[in-house]
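Have a look at the structure that comes next, please.
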Amino acid sequence: MIDLDIPNEKILLAAQQTIYMVGIALIIGTILGAAMAVILVLTRKGGIRPNKIVYGILNAVINVVRSIPFIILMVFIMPLTKAIVGTRIGTTAAIVPLVVFIAPYLARLLESSLLEVNRGIVEAAQSMGATTFQIIWHFLLPESSGSLILALTNGAIGLLGATAMAGAIGAGGVGDLALTYGYERMNFPLMLFTIIVLIVFVQLIQVLGNFLSRRLRHK
Amino acid sequence: MIQFVNVSKEFSSSTENVNALRGVNLTIEKGDIFGVIGFSGAGKSTLLRMVNALETPTAGQVLVQGKDLEKIPPAELRKERKKIAMVFQQFNLLDSRTVFDNVAMPLKLNHISKVQIADRVEKLLTFVELSDKWDAYPAKLSGGQKQRVGIARALATQPSILLCDEPTSALDPKTTDSILQLLQKVNRELGVTILIITHQINVIQKICNRVAVMESGRVVEQGTVLDVFSHPKESITKDFVSTVIDDHIPESIKKSIATETRNSTIMRLHFLGSNSREALISAINKKFDVETNILFASVHELQGTVLGTLVLQLVGPREEIAAAETYIQKSDVDFEEVAV
Amino acid sequence: GCGETAFSSSGSTASTAQAKKELKFSKSQGPYSELFQKGVQPILEKKGYKINAVDMSDLSQADSALNDGEVDFNVEQHVAYMNNFNKTQNGHLAAVTPIPTVPAGIYSGSKTALKQLTDGSKIAVPNDAANTARAYVLLQKAGWIKLKAGIEPTKATQEDIAENPYHIQFVEMKSLNIPSVRSDFDFIVITGSIVYNAKIDPSTALLEEDILPDLMLHLVVKDSDENSQWAKDIAAAYQSDEFKTYLDKNNNGLWTVPDYSKK
Amino acid sequence: MIQFVNVSKEFSSSTENVNALRGVNLTIEKGDIFGVIGFSGAGKSTLLRMVNALETPTAGQVLVQGKDLEKIPPAELRKERKKIAMVFQQFNLLDSRTVFDNVAMPLKLNHISKVQIADRVEKLLTFVELSDKWDAYPAKLSGGQKQRVGIARALATQPSILLCDEPTSALDPKTTDSILQLLQKVNRELGVTILIITHQINVIQKICNRVAVMESGRVVEQGTVLDVFSHPKESITKDFVSTVIDDHIPESIKKSIATETRNSTIMRLHFLGSNSREALISAINKKFDVETNILFASVHELQGTVLGTLVLQLVGPREEIAAAETYIQKSDVDFEEVAV
Amino acid sequence: MIDLDIPNEKILLAAQQTIYMVGIALIIGTILGAAMAVILVLTRKGGIRPNKIVYGILNAVINVVRSIPFIILMVFIMPLTKAIVGTRIGTTAAIVPLVVFIAPYLARLLESSLLEVNRGIVEAAQSMGATTFQIIWHFLLPESSGSLILALTNGAIGLLGATAMAGAIGAGGVGDLALTYGYERMNFPLMLFTIIVLIVFVQLIQVLGNFLSRRLRHK
């Protein structure tokens, strides 16, 4: 095998770190992102519970967060990170900015998916006396599930990309390995190898996403 | 009881305004099977959708059991809506759920236990003859099958009001009949008030007790089915009634009448109720020297009352025909001479 | 499973100053951390220290972490940078001792000698905070530009150029990328870590900077740790003969050594 | 000419297989207006969708003008499809286009000039009575309006074959009639072959010349409308025919018959063609000492031929009734005694 | 006004550079991304022209490109950049990696939007004898336009984020200003100011996107 100039355990650890960060941040980010998406869809003009103020604020907050380059975002929310995980460096600490980064992004993707649900479905739900929560849970989410899964797939891949930058706060991970030990040290074999690892990750995520979305799409 | 008080609905967009309803006044009593007919675009669906507040009037009020659904708080609106089931014109099934789950949905929303849901859904699916399709997704169903799922779903919760927007448009006559019988059954046995939009006048004829005729957003005629069908006043109502209680003389008969050289008169008789049975034609034949040809005949039963139409050609000497006409006049049967 | 043990919690060992033998430093890619790990760390380990490295690719983040006590020291910055950090972020960092530093240099792009400079030449300049000023000072040394009088040499920017007689076009970009696009420029200015990482022979430099004291890299710790035993031990390790021997063996023209090593 | 040769279609999924068509053989001649009826889920839509290869058979062949669309190259398939227009059961309109653009779409695909498109679309929209809705989007249309847009779109390109999947299911009878007349017109004047699925047997009655009856994926009966309607063989066909050519005696009449104490017989007479006009009842009344009560009557016109049903009650002495029966028998009218 | 410690012209220039990069890269990226999305949708299993090989290759290529951190991507494709724009550095040069970055990303978003189009619409198109191109142009694209616009909005914002990193090859732009002159030099007023500029950009893009998508959505 090619000598990558760095111990195998380091690569293994990086892979674990990446999976850990992407996994946790995706779960939390999905919950927050979905909540925001749902609120956007509910409160928008013509939505189920139109509310200009809530919509306007949330819309703006999402835009603000999405405007800030990730590296600066990491710095901005350091106090928050510290408050939540007790430290501002390391893999666990990276999850906070990753969540803050991915949640609004997912919110936009999920919002778009939810908007594709036929109005008739919502009317059916309303005619059954469904609560707003039930409309979301039993109608909007399942009906757009195929598209939601693709959005999450997209989010997971975007998250994987962001973890590379989380190396700035000592989070490690394969992307950081590619960037620092590969790219910065101009260690091309390592860079290639780590990118291949990333490709495998992306491919796995996408295949899984496509598969699930196809299964959930019954049109 | 559902009351429409001076209800108007205007859909406005940047380019134009559509007056879907214009000052509708209508009362649907508890226990009615109330039919609404009218041309496409007359505002029927809009009217129906106001009963569960899917549409709100731009003027006037809709009162359901005395409540203005537009004015009550959301929680109460939901409670009221649970008592009102709806069969949608476009079905509005969940593509992501199986037939079973679609029908089970309203029950699930009511927190019924799984066992009870399974039991009830199975019964409903058996009834709409879809028990073999319970785990199919809507995309794999035929048009009529989808419609039947929609009907089963609406019946799932045993509502007190059932709104049906052309519930049998995609169904064959036999399935239509069985659905109509079911509707009649829930109406009779559970006292469910049913509001039904349909283009198939035989649907109205078979199960409705009252009917409203709509034209361009207005209710132009309403009353018991018997009244409206036997004595339609508005020309649109006559048009509608004539499509089912057809009293047009078929073209081919018209042609052969034209070849008749003897003296003759053509008249249209309307029988209502038991007098359809009276041996009027027998009597004419026996009493007068005329030959009676039945050019056209139809008998319909509306709400247990028979409504019959007969187009007769009387052939014979002028005086005899006149005498026969006088006889008919006395016999309490509506009649009119018709020109061919 | 993964996570906790290897790369997060740090605080536990930090406080008890007298007994502190386990140290954590933020590491970045390049010669400085490597020099520390190869040349200095072994000396410290012999003294009973246990050194943990945390990869932190961003210096500003690394300083914040240091300032917060999440790591104990780093060896990645010059005093000018540190002072700026202290000033803008209310930092309490202190420079303990200068350490060997790789000078920035002008290297050939498509031109191979300084005298080939022509009107309108294109020169790559690092865009990172620590090094842009160095580059302009170096270009002034070459006599290609003149900076405004009285400008602080550690803070010079493009706007501080008073005279640009050759109408040189400066392209400020990530210094890491400069070597790979060398031929797109007439000349390039890169700092030592880039020279090191790109495996450029430092002897091919057309002109090297005179490292100002403020641009000499330093061992940096939190000011409260400045007088701690471990900080002194690290400084001592840098200044030890053992380290000097190591450096002499591995210098190959890269390092500008602080005065203490010049004996 | 469209030929189905031994066509079967199996939809298979992981959980189960649905045999939507099972060995269908059918020939639709050029110029036919061919009706297909059958219960919901019988396979009608699947059959229709094979004519333009939206569905391909799992066994057998579908030949359209001699060509097996499954076998020809894509470019040729497109060319063939341009000659085959379709009205979809679910309309399938483009939500993002106005009514005008929806109807214009097939013309646009054929690279017709804008001026001609505008002209033609305007005519079509006027015809389907949607000229006021030309710039509305489908979401703002009523069910029937959507269906009319679908019909206008299908007629836009003057196809040589027109496939209609329940084209009038959402329409009121009057609009239905005008659409049917248009279909008849394009059939007569332009020789368009029309294949039409419908549950409304009066649609078949009014415009079809041939009909096929489907049950569980099979064509169980086919022939001219007159044959099939006047002499249905299969029980399903009888069911269907009876829903339109109803010869059931209304319940209320049955009840009042039960009170008749005199000697009487009830018989059902079927008239076909001109003999419906013959003054049979007149003659009976005059020749025999019986009283004739018309319990039920209906007259339908199928393809210009009149089909009549009469349920008569003859009241009188046993011998007289027998004599009257013999007389009827001789008069070449189908009849049968019925028990009530 | 607060002293930002940097001349106004520099900020103006950065804004121009950002608009230039985002604009051009978005246009080209949209064309390429849409083409890829369309090919994916056409060739997928159950699509209009199923083709395992084409689908598989394109799917993999998109995944590979999406796996590579942007900063590394910029370096990787430098030869391509040079071949296309003649230089590897500067604002114009940055457009090449930006396009390579955004196109596969947009491809995924647009793919997801296109998949939401009702099958019946495609059948209607087929029954009219529409060519594959016509199906795409006259049916698939217009029917999903509302959702497509949201995808492009998302893409534009993602692109704006990526331009920040394009400073690494001397492309300039507001994001780079925020990162290098604001963040790295710890010039907080400047950082804040540039972020506000970014927020304004994002807000404008989002408002425009929402507006257009709402106008195009006629369900």
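Going by the order they are written in, the chains are A, B, C, D and E; count residues from 1 in each one.
Note that a contact is a pair of C-beta atoms (placed from the backbone, for glycine too) under 8 Å apart; a residue touches a chain by one contact, two chains touch by 3 or more.
The chain list, named the UniProt way, goes like this: A, E = ABC transporter permease subunit; B, D = ATP-binding cassette domain-containing protein.
Predicted, not measured: the structure shown is a model, and the values here were computed from it.
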item	value
Shortest path length from chain B to chain C (each step joins two touching chains)	2
Chain whose Cα centroid lies at the greatest distance from that of chain D	C
C-E or A-C, whichever has more C-beta pairs in contact	A-C
Inter-centroid spacing, chain D versus chain B (mean Cα positions, whole Å)	21
Centre distance in Å when chain A and chain C are each reduced to the mean of their C-alpha atoms	35
Approximate Å spacing (C-alpha centroids) for the pair chain A, chain D	56
Rounded Å distance between chain D and chain E, as computed from the means of their C-alpha atoms	54
Where chain A touches two or more other chains at once, by residue number	71, 75, 118-119, 146, 179, 183, 219
Shared-contact residues (touching 2 or more other chains) in chain C	60, 176
For chain D, residues that touch 2 or more chains besides their own	90, 139
All pairs of touching chains, each written as two labels joined by a dash	A-B, A-C, A-E, B-D, C-E, D-E
Residue ranges of chain B touching chain A (in the complex, touch as defined)	52, 54, 77-82, 84-86, 88, 90, 92-97, 105-106, 108-109, 137-139, 157
Contact footprint of chain A on chain E as seen in their complex	45, 59-60, 63-64, 66-72, 75, 105, 108-109, 111-113, 115-116, 118-119, 146-147, 150-151, 153-154, 157-158, 160-161, 164-165, 175, 178-179, 182-183, 191, 195, 198-199, 201-203, 206, 210, 213-214, 217, 219
Contacting residues of chain A [partner chain B, same complex]	118, 120-121, 123-124, 126-131, 134, 138-139, 142-143, 145-146, 216, 218-219
Chain C - residues contacting chain E, complex	60, 84-85, 88-89, 124, 127-129, 157, 159, 171-174, 176-177, 180-181, 184-185
Residues on chain E engaged by chain C in the complex (per definition of touch)	6-7, 10, 71, 74-75, 78, 82, 87-90, 167-170, 176, 180, 183-188
